[in-house]
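Below you'll find the structures, each written out as structure tokens.
The same chain A turns up in both complexes below, where it pairs with chain B and then with chain C.
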Partner chain A sequence: MSIAITTQIICFIVLSLIVLVGALGVVLLESIVYSAFLLGGVFMSVAGLYLLLNASFVAAAQVLVYVGAVNVLIIFAIMLVNKKEDLKPINDIKSRRIISTLICVTLLSLLIRVDLTNVWNLASPQNSIGEESTIRIGEHLFSDYLLPFEVASVLLLMAMIGAIVLARRDVMTKDISTGLPVDQELIEKSSEPLLTNKN
Partner chain B sequence: MEYGLDLEYSFNEFLKGFGLSSEIAHIIWLPLPMLLVLVAAVVGVLVTVWLERKISAAAQQRIGPEYAGALGVLQPIADGLKLLVKEDIIPAKADGILFTAGPILVLVPVILSWLIVPFGQNLLISNVGIGIFLWIALSSIQPIGLLMSGYASNNKYSLLGGLRAAAQSISYEIPLALSVLAIVLMTNSLSTIDIVNQQSGAGILSWNIWRQPVGFIVFWICALAECERLPFDLPEAEEELVAGYQTEYAGMKFALFYLGSYINLILSALLVSILYLGGWGFPIPVELIAKFLNLPINAPFIQVFTASIGIVMTVLKAYLLVFIAILLRWTTPRVRIDQLLDLGWKFLLPISLANLLITAGLKLAFPQFFGG
Partner chain C sequence: MNLESIPLQAFLIVSSVLFCIGVWGLLNSRNAVRVLMSIELLLNAVNINLMAFSSYIDNNLIQGQVFTIFVITVAAAEAAVGLAILLSLYRNRVTVDMESFNLLKW
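Let's turn to the complex of A and B:
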């Protein structure tokens, strides 16, 4: 076995371990801030897996979009609205956890089954396009994948309009979802201290 | 376009002469340029810190550091040593893990970005195809480190500084990427080598700054904002936030932030010189001079000479920009947060979008000048 292949296998094992452990941590950890930062780590290791597959453009795009934009905004939002709230204890927490675990395991087994039964049409390493993939992706985005690409931007536009509506509640007198009159003062004053008290 | 020195090839051939396999030779080669660039970056920081001290002194009619070495050149080393031996404090109520990981996350992407900085045709660590896009992607990781250290310090000033840093970095990344996109459009490539070669046709006349004046200014403003330099140093505004996300840091962890911000400044200056000022190109093309003097361009001594001119030119252009950045820092007041966001979203973003559109139009109209 050559040195290059050994390095690749080691990288693959390390990255997959980070993805698996990190993803479990995102779900299982109590602290939402730790979950958010771990999510960033998971996104980074997925980008690393893309790099191992010779898809450097996809890897960089993954870092830019998921780590640089999505994850930063998630952390940003968590820190802006980090209120210390005493949540009410839920009575049937155990049965809820069992049910959600069951659902997740079922989904996982379905995915594993798809992975095992499907015949994947893999290109041999000799045929991989490597650096040229940037150009190919561009061509596809502007020809046969143009419509999905543009529809995705409509989704982002909707999210943006939603954010503006939420942020500019003062222009509306009634809450959209509940129909109650909007508390105009709420926008101006921050009633809670920004930082939580750490235990 | 295979001309100029190829040190990697010569080195590998040299090692193969001792009977080593090409794989082993490659592994021995790999750390060398990385170490070299790391050392270059740190030395660059020392020089910039000294320049900052001296130029700020001149701007305020002081003398500045004088006793540590001639003209105070050893002052930055003394600063570094002081930070190195200082006690490393983690505040009692801070979050230890995140507090330690924050500065690392700020520094590592900046150093990784040096991967794509070319000092000559073959004088860079790796000519990756996605080139400049890699830098944009990597620089978007930094705000996570800033948010992390701001949160972990468990201090209101720190948290506000971290949030400001993230908001600023997200706002200015978009016009930055758009102005880079206009250059990429003209080059037909993301690789930094291709971007420089595209400007090497007629010396100073073919530099991108003449074809992209608006892009140049937008990029420079955004780069300063990404580096958190005054007039955009709101995240650490000392009069309002003590020192922003750095407030609780001491010793080597603080030094990592310090190092990160200066390496980022030099990196931005280098990238401006690569994108807009012809990279390693001499104002008059070296090939033209060689032809004028009847010298063969492929002769070894000419190649060594052109390579050293290339390195000198890149560093010179970068330090000229660093000088402008330092002058700006010591002569301009800080903008307010609303002015900062207004400038980013309401001015730079539309301007860079228009610049991109006009570049695309000009490329279609005059393909010989704007890269067909």
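Let's turn to the complex of A and C:
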């Protein structure tokens, strides 16, 4: 990386602050729409962290896949299921909160202790591939990682078909084996129409 | 302070904190969409870890970056299927409250 070290450190601090504050906002904010947009900000800053690590291809993939696809998908899901509802109160919510926070803080202290005390076997920066990482990723994907690459394409196809099958609305009107009409109430509960006629 | 590069530990600490925030959100969210968002946060924390190790420890072969590509692929598939399941749950239960999905509770 050809940027001066001071600039790198400033970029790192700003990006990690955005990541951590944004993640806290995603988890804690009351409105789910704000959470979704903050999640997009978190993804963009993570892409910035990848750029600091000399990984331009992965940063581009992160922006394309996470911000462009996953985040948009989440926002669409929020639009489809956005209904104001009063959540039923849970009687032991306070003890649940305390226990889960304790678990998370313990896990965090454990992880940070490992991060700081372990002696990492750092490689020398001389034989670093630097900004040519895209070429090396291409070599990997078409030589020693060829089988996982092809399996990933099959996985994407399966996920696409699975998502279509799970989310489609039209169901069969006749039972295939008996020929009798299917009771639609079993498949889909009748719900209030979203757009009511105002006239 | 005279540094040649950002220390590896800084990236590891950021990813640890992000992972713990994700776990907290996963345990405490009542909206199912927010649970999916927390899973995405967890996957991103793991990706930061992989990228940091690939840049500092395996900086010639960068196998960590290839792993990150695969994780991003699987995360996209997971998000699509997860949100489809969520839609069909919403159609059947008319709610996204995690507490009301207790069909498998014994």
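The rule we apply is simple: the second predicted complex is superposed on the first by the 138 of 199 C-alpha atoms of A that agree within 3 Å, B and C clash if a C-alpha of one lies under 4 Å from a C-alpha of the other, contacts with A are read in each partner's own complex, and residues count from 1 in each chain.
Assume contacts are C-beta pairs under 8 Å (C-beta built on N, C-alpha and C of every residue); 3 or more make two chains touch, one makes a residue touch a chain.
The structure displayed is predicted, hence computed values, not measured ones.
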Next on the checklist: Once both complexes are superposed via chain A, do chain B and chain C end up clashing or fitting?
Outcome noted: fit
Next on the checklist: A:162 in the overlay: touching chain B, chain C, both, or neither? Say first, second, both or neither.
Outcome noted: second
Item to check | First (chain B), second (chain C), both or neither touched by A:122 | outcome: second
Next on the checklist: In the overlaid three-chain picture, which partner chain does A:14 touch, first (chain B) or second (chain C), both, or neither?
Outcome noted: neither
Checklist entry - Where does A:2 make contact in the superposed view: on chain B (first), on chain C (second), on both, or on neither? => result first
Checklist entry - Which one hits more chain A residues, chain B or chain C? => result C
Checklist entry - Where does A:131 make contact in the superposed view: on chain B (first), on chain C (second), on both, or on neither? => result first
Checklist entry - Once the shared chain is lined up, is A:49 touching chain B (first), chain C (second), both, or neither of them? => result second
Next on the checklist: Looking at A:146, would you say it contacts chain B, chain C, both, or neither? Reply first, second, both or neither.
Outcome noted: neither
Checklist entry - Looking at the overlay, what does A:98 touch: chain B (first), chain C (second), both, or neither? => result neither
Checklist entry - Which value, in Å, gives the least CA distance between chain B and chain C in the superposed three-chain arrangement? => result 13
Checklist outcome for this item: In chain A, both chain B and chain C touch residues 57, 61, 69, 73, 76, 80
Next on the checklist: For a test of understanding, state which residues of chain A touch chain C in their complex under the given definition.
Outcome noted: 1, 5, 8-9, 12, 16, 19-20, 23-24, 26-27, 32, 35-36, 39, 42-43, 46, 49-50, 52-55, 57-58, 61-62, 65-66, 69-70, 73-74, 76-78, 80-81, 83, 85, 87-88, 90, 96-97, 100-101, 103-105, 107-108, 111-112, 115-116, 120-123, 125, 127-129, 133, 136-137, 140-141, 145, 148, 152, 155-156, 158-160, 162-164, 166-167, 169, 188-189, 191
Checklist entry - What residues on chain A touch chain B, complex-wise? => result 2-4, 33, 37, 40, 44, 56-57, 60-61, 63-64, 67-69, 71-73, 75-76, 79-80, 130-132, 134, 194-195, 198
Checklist outcome for this item: Within the complex, chain A is touched by chain C residues 3-6, 8-14, 16-25, 27-31, 33-34, 36-38, 40-41, 44, 47-48, 51-52, 54-63, 65-66, 68-70, 72-81, 83-88, 90-97, 99-100
Checklist entry - Along chain B, where are the residues that touch chain A in the complex? => result 23, 27, 93, 95, 98, 128-130, 133-134, 136-138, 140-141, 143-144, 147-148, 150-151, 154-156, 159-160, 162-163, 166-167, 170, 173, 190
